[in-house]
Each structure stands twice: as structure tokens, then as C-alpha cells.
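We call the chains A, B, C and D, going by the order they appear; numbering starts again at 1 in every chain.
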Amino acid sequence: MIYYVGSFLLIALGLYAVIIKKNLIKILIGLDLIASGVNLLIISIGYVKGGTAPIFSRAGLKASMMVDPIPQALTLTAIVIDASEMALAVAFVVLLYKHYGTLDIKKIRSLKW
Amino acid sequence: MNILLEIMLATPFIGGLLAFIGGKVHRWVRFAVAVTFSFLTLIEAFVYYNVTIKGVVWGSLFGSKLILQTNPISWLFLFIVTAMSFLIVIFSIGDMEEDRIKLDSYYMQLLFVEGAMIGIVLAGDLITFFMFWEIMSWTSYFLIIYGGKKSVAAGYKYIIMSIIGAYSMFIAIAMLYVKAHSLVYADVATTLAHSSATFVVWTVVLLGIGFFVKAAIMPLHTWLPDAHSEAPSPVSPLLSGVLIKMGAYGLFIVLYGFLSVQLAGNIMPSVFSTPILLYIIQWLAALSIVLATFLAIMQEDAKRLLAYSSISQIGYVVLGIATGTSLGVAGGLFHALNHAIFKGLLFLAVGAVIYRTGTRNLSDLGGLVKKMPYTFTALLLGIIALAGVPPLNGFVSKWMIYEALLQKKEVFLLIMAFIGSTGAFLYVYRLIHSIFLGQLPKKYENVKDVPILMQVPIWVLAVSTIIFGIFPGLAMNVIVKGMKLFGFKPIAYTLFGFPQGTAMGALKVINISAVLAIAFVAAWVLFLILSKSRKVSQYDNYAAGQVVTPELKYNYSFGFYMSFGRVIKSILKLGIERIYNYWVDAAKIFGDYYMRRVYTGNLETYNSYIVIVVTIAAAAILLGGKLW
Amino acid sequence: MVKMILIAIVAPLLAFAIGLSFMMIKRKFVARIQRRYGPTIIQPIFDIMKLLLKEDNISHGIIFSLGPIIAIAGSILSVFFIPIAGLNMLTGSGDLIALLYIMAIGSLGMALGAGDSANPNASIGISRALTLMFGYDLPLVIIVISVALQYHTTDLSAIVAAQANGHWALWSLPLSAIVGFVVTYGALGEHPFDIITAPHEVATGPMVEYGGKHLGFLMINHAFHLYVEIALFVDLFLGGASNIFIFYIKMFAVFFIMMMFDEVLPRFKIDDAVRFFWKWPTVVALISLIIVLVK
Amino acid sequence: MVNLANPILLVVIPLFFTFLIALSGSFLKSGVKYLPVIAFALNIIVSLALIPEVVKNGMVIATTAGFKPPFAIDMAVDKLGLFLSLIASLLGFVASVYNLFYIDEEPQEKFHALFTLLVAGLTWMIITGDIFNLFVAFEVTSIAAFGLVGFHRDKGAIEAGFKYLVMGSIGGSFLLIGIIMLYAATGTLNIVDIAQKTSNLTFQQKLFPFAMIFTGLGIEGALFPLNAWLPDAHPAAPSSVSSILSGIMTTAAIYAIIRLTNTIFDFNQIYFFLMIFALLTLIFGEVSAFFQKDIKRMLAYSTIGQTGLFFFAFSLNTVNGLQGAFMQMVNHSLSKGMLFLVVGGMIMQVGSRNIDDFAGLGRKMKVSSFFLAIGAFSLMGLPPFFGFWSKLKIIFAALQNANAFLVASVVIILLMSVVEGAYFFKLLQVMYFGKQEKDVAVKEASYGMLFSVVVLGTVLLIISFYPAPVINFMHKAAAEIINKNYITLALKLGGL
């Protein structure tokens, strides 16, 4: 249960950062927080307390002891995606700073209406 | 025979495309193709003279059959469309010159409009009808904006109002479809016959809004004066003579093809033995007649004057159609034909004047009768017809409408109809006086009459005003036969008029015209017997001792009815257009205000939208899926 | 056939004679009211003869000359549609409503000719004439409608027949008759409605450029005009007549009353004239119409 | 002989070419731009090859990695999916042909790689039968799109790209949460498998994942108010990319919502809310478009409006409504895709995105203007173009079992159509009848760019004049979705 609460707290924190913070880097951190929260959520869904890897060839391993392997695979995929997204985002921030000379999101609003 | 209907519908479209392609080769190819195909359509139309064909299925959509049909009423409008289009194509060859205006797709659009209107009158179901209705709207839009800078704004207003009207129709059509899953006219009629009064009224009102926008009946007319006056000269007669008649045709189909007077009378109360819905339509038409007449009297622009006159005259058509009696409906339909003829003639004649002088401002013109006598004569016939003076055609149809109203004792409407006709004397006289009579401005001294290609259509129409005036039976052959199909008692008529008993009095136009001709000849002979008159210059004039010279603007033509304008000042102030503009502006400001507050360009705002949506979703989940 | 041709020739002449006689009487009568001796009674005939026989006529063009011709042709045409003394002539070919428009042919032709003279006075006169016509047309159509509804027909001869034996519309529709009188009076352009010709303002208006035989034609036309307007009133409200003498007496009575008003009233401004016609005559005519409708 | 009728090829071919482009970019240089054309030509061939199979069986399912579903990732192509993937391939093909003449900015190989990836991701999103794969496809599409939006690297492009990125990745996270919640509830990721297991879930258990997935996909699918990135991103992107973004991406996202809502979440209570979303989207899209001076921004807002329209039709939750939605999707994909391509060529010539600078183009760029007019007419729903039939269908469907709310919605839709007409006609009259003040040397776009436009325009014209096959096809597709044929078919064909 605590994992769920933790992960949702992380997501909420990330959302807070994305909405309230003015600094581009902080917004990116917020995004990363959301992503981490989601990853934590995925992991915790498949987690079995005291469980172990589902290796069928190992003797004496009961099904209830097996940790669901799919969420872990999913998490790996999600992490990869997040990482690439973050890389792209940082590149954008660099370019934004070049063009606008500021990291304040309030000042970056040449496109509107 | 039946397949010809589809061929006929396709002819103008094919012709339009060929004209467009041919135009790339040479302009004369374009002219030739346009003339050929519009003539071909006219010939094909004559195949269906007084023929009734029910239901040629040409497709099917969403379970409703798409049908083409024809009957004499359709034929009447078919005749108007094809004949006028043919004449206008001929006129265009003279008028729309390559060096004055870019012509790439002019003939294509012209033929497309013709094709769309043919589609409307041949349609046997509402989807076909609506489809061609919309095609007509946008193709005619492109024709209107050929007229230059000002016409673009006019065309914009036209297309927007057309779209609004069309969508109003659309709702009604969708309602009917949902109810019966078939939009064939016969099925629609049965659907309406088994529907509640509310449903019927809504259907008719929604359809009616669409038709009234196109027919420019009074509160929905505001596009017409601009569009008709700014459109190129050959297009104005098409709009005024033909296009707005489609509204009248639609109204006829709805009122008598779908509903019938008996049915309407059963489901709603009647006033003056007219179902109240029809009575309201009659009032709108009558108001159009009177108010548009007043406005036409005060115009200084020849085409604008004719445009307002169109609103007034289409009022007669609708008024006649909405009477619900055989005589009145026949009168309305006949007036549709007559109006097409004489208004087409007037617009073409004014177009000819514009072609030679380059202006349509009435007070800049004058005295052209000496320079353009043929155009003058044709226009004279046109205005006599328009004013409803015997023996020309406008008189007969108006007479029928008056008699029908009198028979039904709808006296107030009758008074308004009369007033509109008397008012027409004022503005038609203004038109001919300011253009052709009086002092000839010096700059127009070298004006010639227009080339033969422009004369021909004008004169064909001018002769038609006489023919249909003296032989109203020619048109009645078609109209009465067609109206029988719609459940009307046939009215008695002869080739020359109406015998006693049809109306409250009799009419025999040939006697009127014969006696008038004899009296004219007698007076003329007497005139000739007396000593010959000497022609003196226009400037040798009674001017209280002053010497009048050509440099002096001596003629009285600006503000011709200024004193009358004082009488109707309060009416002129009523601006329906201002009200519309007010609402449009308000909507624009409102829309802009909200848009600016939603798409602020601020990423934080955007992100918070996401959070808001998620929050609402979360609230919904917590409340068990119910937000209220 | 012979009878028809005879009628065709006699009717216009008769109408002209009647109209002319009124013109003659009027000159004298007005003079007497103004305490003058006045011209000899046949002075209008002299005038017309003089004008017609003038050797030097001037014209501004064909349309200018056509004006008076069309005017007379239109007036003659109207004569055939007004039943006189039991003769129905062409009433079967055109009823009351048609007649209203037939009566307009002449004035429009006249307007056409006058407009071609390029004289501002003529144009102003026509502008006034048409405006005035618009003015009195409203009450006129209302009373025409009331009469038509009263007798359930628009056939003028049938209306006359229905009024036989003293059942005049004057008695059954007194209000309409009064308005009809005012309208006829206005249509004749007598004081206070002589705005069109108003010699002091627009120098006889449409006629300003006309002289010689043209003006002679216009005077002939005036005679016809007098006849047509008054005869229509007599047919509508005074039951027509069975013979020409009674018809003449009735017409004369109407004309006589009109002369009483003439020359004692000032002149309206044109917009005031329209306002006048659209106010009291219209209201009274409408009341009468509603009475007919309800009855 | 390779069996071409394999849906996996639809994804694998462009993915392969993506890497090929990225790798060969350094030595192929200018040749690299031809690779996407080949990729999408192959994709079109595959899609066409799939047609007989799909028509015969109703669905084609391909599994990967030798497992059987539900453990294996599978691709399931049914009628609608096929149609949309065909359109995606077609649009990808013409846009990549267009790119040959359009993209002259470096780094070219990166642009082409991303472009191929974008269309690959979209196709993937359409045909996937696995819910997590949906997320992956979504993210692949998104990342490619972020990059492409910022491709010009000027002020606007970077700003738009960044905003898009932030909103898109938030959306991706929400989508993932929803997917995970579904997995938590059912223990499987296969759509058909989930669908069978969701029936014993409570309404709230279903609603939570739905809300998350809806938010995630709604951001990509341009639903109000989640669409704020769109009017920035579409104008900033190169026109060929805008064409794909507008033509396919919103459509694909909405398609995913439709598929998931109908297959997995089988509830009726939600449609009313969806309808409100749709109407708001429609109103804000069309009204905002009316005020735009920038032509691509106007088209972008118009995309929002169109999305609202077909989302509305979907939210009617009837066969007819869905049919209307699908028809409108097709109409929108083709016309809006074409419009962006046309406009791109025009902007190249004029050097400005301001509508007023387009004055007089109707005479100088005849072919382009002609097709622009056709596209605009189709979007406005004027006959005889395809938009007319779809609008007809949508309104007919909306008034079926009409209540007051639906009637009001229909009135709103039609009012917004009037607004749409207002701005499109304004554009057309500026183009055809406006007077150009500046004397710019404008000539017709190059033949290659015109080729793309003409191909799309011809397809649009063909389905406009012979709408019956498309209409019938969409009717069957809609009926399949409503009747859950997807599940039964997938079960029969071993898609589970």
C-alpha cells in the first residue's frame, strides 16, 4: 500500500512542479518525478512481498512466491522512453535559452491565441 | 426518355468543365462550348414540356433513395433556369470581355450554377434537393465575386447567410429522415401527414428559413441588395431572375408537395380560411413587398434599385404561392416566370448601360435614349411589365394574385400588394428617367448602343414580356396542368386571359392591348395630321430666361423622391442589417475574449488544464461516476 | 359589328364632350366665384383649336412627342372600361382592378414625354405627380376593395347593376363614398392638390416644355381625365345610370361639389399631401372596409 | 515468397527504414531522402495486400515472438484499422514525396528518420492489439513529433516543441497509469483478453483507468482543454509534418479512444461527458480558428474543431454515429492533410504565413489554390465533396432518438459549421480576389509537391463522387465495433 501512496505522491509532486514552477529545469524535474512515480507504481503492482524472480527451472518455487515479471519489463521500456524524452527536453531547454535568454516559462510565450 | 433526366442534369456540368478546358485553348472555344451546352440544356428541357416522370432512381444514400423526377411545375422552373441561362451566356460573351475581367472559370461557374438549379428542380427527394441547393450556393458565390472589390464583401455576406439558411433546412431534413428513413417526396408527405402539428410546424419553419434566405423574404433579405448590385452585369439577372426563384420553388414543394392546404388546415387554426402558417408567410411576403418598395424608391444606384425591387417582386411570388387557392398559387407561379423575364430584361438592359457608360449611379446618367434607343425600348417594356401595367406580363400575374386575395377577403394583404405595385411606378420611372431621359451628360455624347450579342438576349426577353402578357394561357397550360398533380382544382383560363367565374372579374388582355393599339394609332394619326413639329435642341429650354449649356447639370435627377423620403423617414430608419451586425459583432467580441483567455500561451495554464481534467475525472470516480 | 364600331367611335367622343363641357363650365364658374366676368363659355374649345392648329410646334425628340399621344391613348382605353348608361363596352375584358392600372397608362406615358424635355421643372412635376399618386392610391385601393367586397364582384358593370333602383353604394358605404370623393378630387389635381402643375413653383410642371399641338393634346387629355375619374366615382358610388342624361347629371353634381372646394383652398406641400392621404382618408376607408368585412 | 499480408510488416518496414536512414545518413547524404518514400510505398503495398484477407476473415492477426496470445504481442487489423493504416501509409507516402522537394534544411537524415518513425508509430498505434504496445507506439509517435515540431529550431518552433513535449510527456504518463491500472485489475495486456475480463469489474474500477487513458490520449487527440499545444505545434512544424500531425495523429488518438472505449470499457454512462468534451472542443476550435491571421494556425484550430465533430459523432454511441465519425475521420485526414501540404507550398512561395499575404495566389498558383478550395469545401461539408456525406450522416445520427440536448448539440454543430464556412471563405476570397500589395515573384509549387497534393486531392475527389463503397465499408466497420465483433473475431482467429 505504501508503494501506491508513495508513487501517487511522487506523481502529485511532479504535477505540482510542472504547474507552479517557473524554471524550465524545475519543470523538467517535475516531469521526471511524474515518470518515476509511474514507474514505481508499475513495479509495485507486480511486487509480491518476499517474492523472487519467476525462474521456473528453479526447484521449490511456488507460484505465489513469484514476482510478476511483466511489470518489470514494462518499467524498463518506460524508463527508456522517459530517458529519451528527457534528453530531448533538455535539448529543447538549451535551445530555448539560446533564443530567449531566460529560463522563466512565464516569459516564453510568443505563441498564443 | 428517363435516362435523359440524368443526361440533362449532367449536361451543364460537363459543359462547364469543357468550357474551362476549352478556355485554355482559345477564348472562342470557351464561348462556343458554353453557348452550345447551355443551348443543349434548353433543348433537352423542351423534351419534358408537360411531361410527368415519377422517380428515376439515380442512387441511394443511407437507405434513402435518390430520385430525379419532373412534372409541369418543375418544368416551369426548368424552363426559367435553362432559358435564362442560355440568354445570359450569350449576353456574357458580349459583356464579359477578357481585357476587363479574368475569365478562366466564369463560364464554368455559370454552367455549374445552371446545373445545380436544374438539379434542384428535378430532385425527387430531399437529399438530392439539399445537395444541389448547397452546390448552387457556393457556385453562385463564385459568380457574385467576379464583380470586383466590393462584390467580395457582398458575396461573403451572401454565402454566410446561404449557409445559415441551408443548415436550417438541414435540421429539418435530418428530422424527417430520422422519422421515416426515406426522404423521397412522397414518403416525406406521408410522414408529415402522420406527424404531430408541432413537428409539422417545425419542419416547415426550418425549411422555410432556408428558402426565405434564398428568396430574400424580409427579415432575411439583407444579402440581396449588396449581392445583386455588386455582381457582374450578366450575373445579376441570373441571381435575381432565377436563383431567388429556387426559394419559391422550394416553398411550393414544401407547402403543396409535402403538406397540403387541407392537411395544414386540419392541424392548425385558420385565419381568413388560410392555415395560420401560410397566413404568416403571406404577411412576411407582404411586408417584403411594401418595405422593399419603399427602399427601392430611395435608391440612387440603378442595380441596387432593381435589387430592392426584386425583393418586392419575389414577395408577390411568395404571397401568391402562400394563398393556397388555385388562382393565387397559379398567379404566384406565373409571377415567378414573369419576374424572371422582366427582371432579367431590366438587369441586362442596365448591364448594357453600364457596359457603355461604366457607371450605375443614376444621377450621373441621363438622356441616353438618343444614343441607345434599342436598349431604351426594351427597358421601357421591362418597366411597364414590372409596374404591372397592362398589357404586359407582370400585370396578368399580379392581377391573379390580387383576385385570389380578394376572393379570400385577405384585404390587408391585398392593400399591401397594391401599394407595392403603385410604389413600383415611382421607382421604375426613376430608373428610366434618370438613365434615358433628360439631359445627356457631355461625357456620354459618343456612346453607342451595345453590340448585337447583347441586344439579342435583351430583345428576346422584351418580346417575351409581350407574349406572356397577351397570351397568359401559354404559361397557364403548364401551370394548371402541374397544379392538378398537387391536388389543386384547375382554374378556367383561355389563351388570352380568364373568363368570368375564375376570379371575381374577367380578364382578356388581348382586348386591352388591341384597343390600346387602336387608340394609340388614332391619336398618332391625329398628331401627324396636324402641322409638323420642329425639333429643337434640348438646351433650348424654358429656364426662366437663363441660357442652358451642356456644361451645366440642369437635369433634376439626384434625390428624385426626396420629399417622399421625408414621409417614410421613420420606416427607412428601421435597419434589420444593423441588428444583425450588432449581434455578429457581439459574438465576435465574445468569442475573441474567451479564446484569449483559454489559449494564453502560458505553459502553466495549459498544464493546469490537464490537472483540471484529471481532477474532474477523479471527482467523478469518487462520486461513483455521477457528476450530478 | 356595326354597333360595336359605332360604340367604339361614339364612346370616346362622348367622353370628350362631357369632359370638355366640365372644363367650359369650370372656367366660368371659377370666374364668378372670384367676382370676375370670366371668358366666354366656349373658351376651352377655342384654346384647344388654337393650340392644335398652331403652325410652329417644337419638340425635343420622339419620346417627347410620344408622351401626349400615349396619354390620350391611355385615357381613351380607360373610357371603354367604364360602363356608361347601360353600355358595358369592354368591362368583360378587364375588371375594376385592371381598370386601376389601365388608368395609369396615360399618366405614365405623359411622364415619359415630360421627362425627356430635360427641364427640371418637368421632372420635379413628375416626381410630385407620382408621389401624389402613391399618396391617394392607398385610400383608393381600400375603397375599391370595400366596394368589391360589398358586391362580391370586381366586374364594374355588375357593380353598377347591383346598385340599380337607388341601392347606391353611397347609402350602403357612406364612409367609402366620402373617401372616394376626396380621392377623386385629389386625382383630378384641383386645389389643394394642384401640387403637380403649381404654376408659381414649377411653371406648370410636366407641361412646362409643351406647346402647340402637344399642349392641345394634353388639354384634350385633361377632358378625358375629368370624365374618367368622375365617371368611375359615379359608377362606383352613385349607381351609374340607365341613360346618358342621368349619367351626365350625376357627374355634373359631383363636379359641382368639387368646384365648390376648388379655389377656396390653399396648396399642400407634396409630403403633406401624402401624409394627409395616408392619415384621415385611409383611416376612414379602413373603417368602412372593416364594416364591410364584418357584415 | 514473403507473405505480404502480415500486419507486422506495417510497423516493421518503416521502423527498419528509420534505422537505415539514421545509419546510412552519413554516407548516403542526399540519397537518404528517398528511403522514406520506399518505406511507405512498401507500406501501401502491404496494406493493399491485407485488403482481401481482411475482407474475407474480417480481421487479420499476427503474433510475435512465437508465443500465443495473450502473452505475445499481437497486431490485429480489422476493417477500420486497415482503412486508417492505409490512409496513414498513403499520407506518409505523399508527404515523404513532398519532403523530397520541401526539406532543404540540415540535418536531413535526422528529419527523414524522425518522419519515418512518426508514421511508423502512428500505424503501430492503429493496428496494435496490445495495450502496452499502444503506449509504446504513443511514445514513439510523440518523441518523433516533438523532434519534428522543433525541427526548424527557430524561436517559435522551439517554444512550440517544448510546450508540446511537456504536455505530451504528462499525457504519456497518464496513459501509462491507466494501462497499468488495467493490468492490475485484469492481469493481462492483450486488448481482447482485457475486454473479456473487465465484465466483472465494477464501474469505478473501470472508470479510473478510463479517465487516465482518456486524459493521455486526449492530449494527443486534441480534445479541449487538453489541446493547447496543438495550435502552437502545427504551425511551427514543417508543413509535411503538420499534415501528418493533423491528418493522422489526432485521428489515430481518437481512434484509440474509440477502440478502447468500445472494446474494453463497456459502459454507457460516460458518453454524455464525452459529448460535452466534444462540443467544447468543437466550439473552441472553430471560434478560435475564425480569429486567426496565421494560415497554419487557422488550420490547426480547424483541426481541433473537426476533432470535436467526429468525437461528438462517436460519443453518440450508435452504429450510425460511429459510421459518421469514421467517415468524418477519413474526410478530415485526407482534406486536412492535403490542405497542410498545399499551404506549405504556398508559404514557401510567399514567405509568410499571414493570410493577407496570400492575396492573389489564386491566379498565380492555380493548381494549389484549386486543391486548397476542394479541401476547404470538403471540410466545410459542402456538396458534392465527401465532407458533405459525413456531415449528413453525423447530423442524421445525432437526431436519431433526439432529445433536447442532442437537438441543441446539432444546432451548435451547424452554427460552428457556419463559422467554419466563414473563415474558409474568407481565406478563399483573399486568395482568389485579394489584391497583392507587395510585388512578390510567386510561381506554382514544384511538380513533386504538386504530385503529393494531386494524389490526395484525387483520392478525395474519387471518394467524393463515389461515396457508396466508403460509406458501406464504414457502416460495417461501425457495426463491428458496436457489436463487439472485434472480440469474437479475435477469439476465433486466435488473437487471444
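As a working rule, a contact is a pair of C-beta atoms (placed from the backbone, for glycine too) under 8 Å apart; a residue touches a chain by one contact, two chains touch by 3 or more.
Every value quoted in this text rests on a predicted model; they were computed, and no experiment measured them.
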Most remote chain, CA-based centroid, reference being chain C: A
Contact-richer chain pair (by C-beta pairs counted) among B-C and A-B: B-C
Distance from the mean Cα position of chain C to that of chain B, given in whole angstrom: 36
Centroid spacing, where centroids are CA-atom means, of chain C and chain D in whole angstrom: 79
CA centroid of chain A to CA centroid of chain B, Å: 67
Averaged-CA centre spacing for the pair chain D and chain A, given as whole angstrom: 27
Residues of chain D touching at least two other chains: 162-163, 166, 170, 231-232, 288, 291
Multi-chain contact sites of chain C, meaning residues that touch two or more partners: none
Chain A: positions in contact with at least two other chains: 15, 18, 27, 108-111, 113
Chains grouped in pairs wherever the two touch, ordered by label: A-B, A-D, B-C, B-D
Touching residues on chain D, where the partner in the complex is chain B: 162-163, 166-167, 170-171, 174, 203-204, 207-208, 211-212, 214-215, 218-219, 225-226, 228-229, 231-232, 269-270, 273, 284, 287-288, 290-291, 363, 366, 377, 382-384, 388-389, 392-393, 395-396, 398-400, 402, 410-411, 414-415, 417-418, 421-422, 425-426, 429, 432-433, 435, 467-468, 471
For the chain C and chain B complex, residues of the former touching the latter: 8, 12, 52-61, 63, 65, 68-70, 72-74, 76-77, 80, 90, 92-98, 100-102, 104-105, 108, 111-112, 115-121, 123-124, 126-128, 130-131, 133-134, 137-138, 141-142, 145, 148-149, 152-156, 203, 208-209, 212-214, 216-217, 269-271, 274-275, 278, 289, 293
Touching residues (chain side chain A, partner chain B) in the complex: 15, 18-20, 22, 27, 105-106, 108-113
Residues of chain A touching chain D in the complex: 11, 15, 18, 24, 27, 31, 34-35, 37-38, 41-42, 45, 70-71, 74, 77-78, 81-82, 84-85, 88-89, 92-93, 95-96, 99-100, 108-111, 113
Contact footprint of chain A on chain D as seen in their complex: 132, 135-136, 139, 142-143, 146-147, 150, 153-156, 158-163, 165-166, 169-170, 172-173, 176-177, 180, 183-184, 189, 231-232, 236, 288, 291
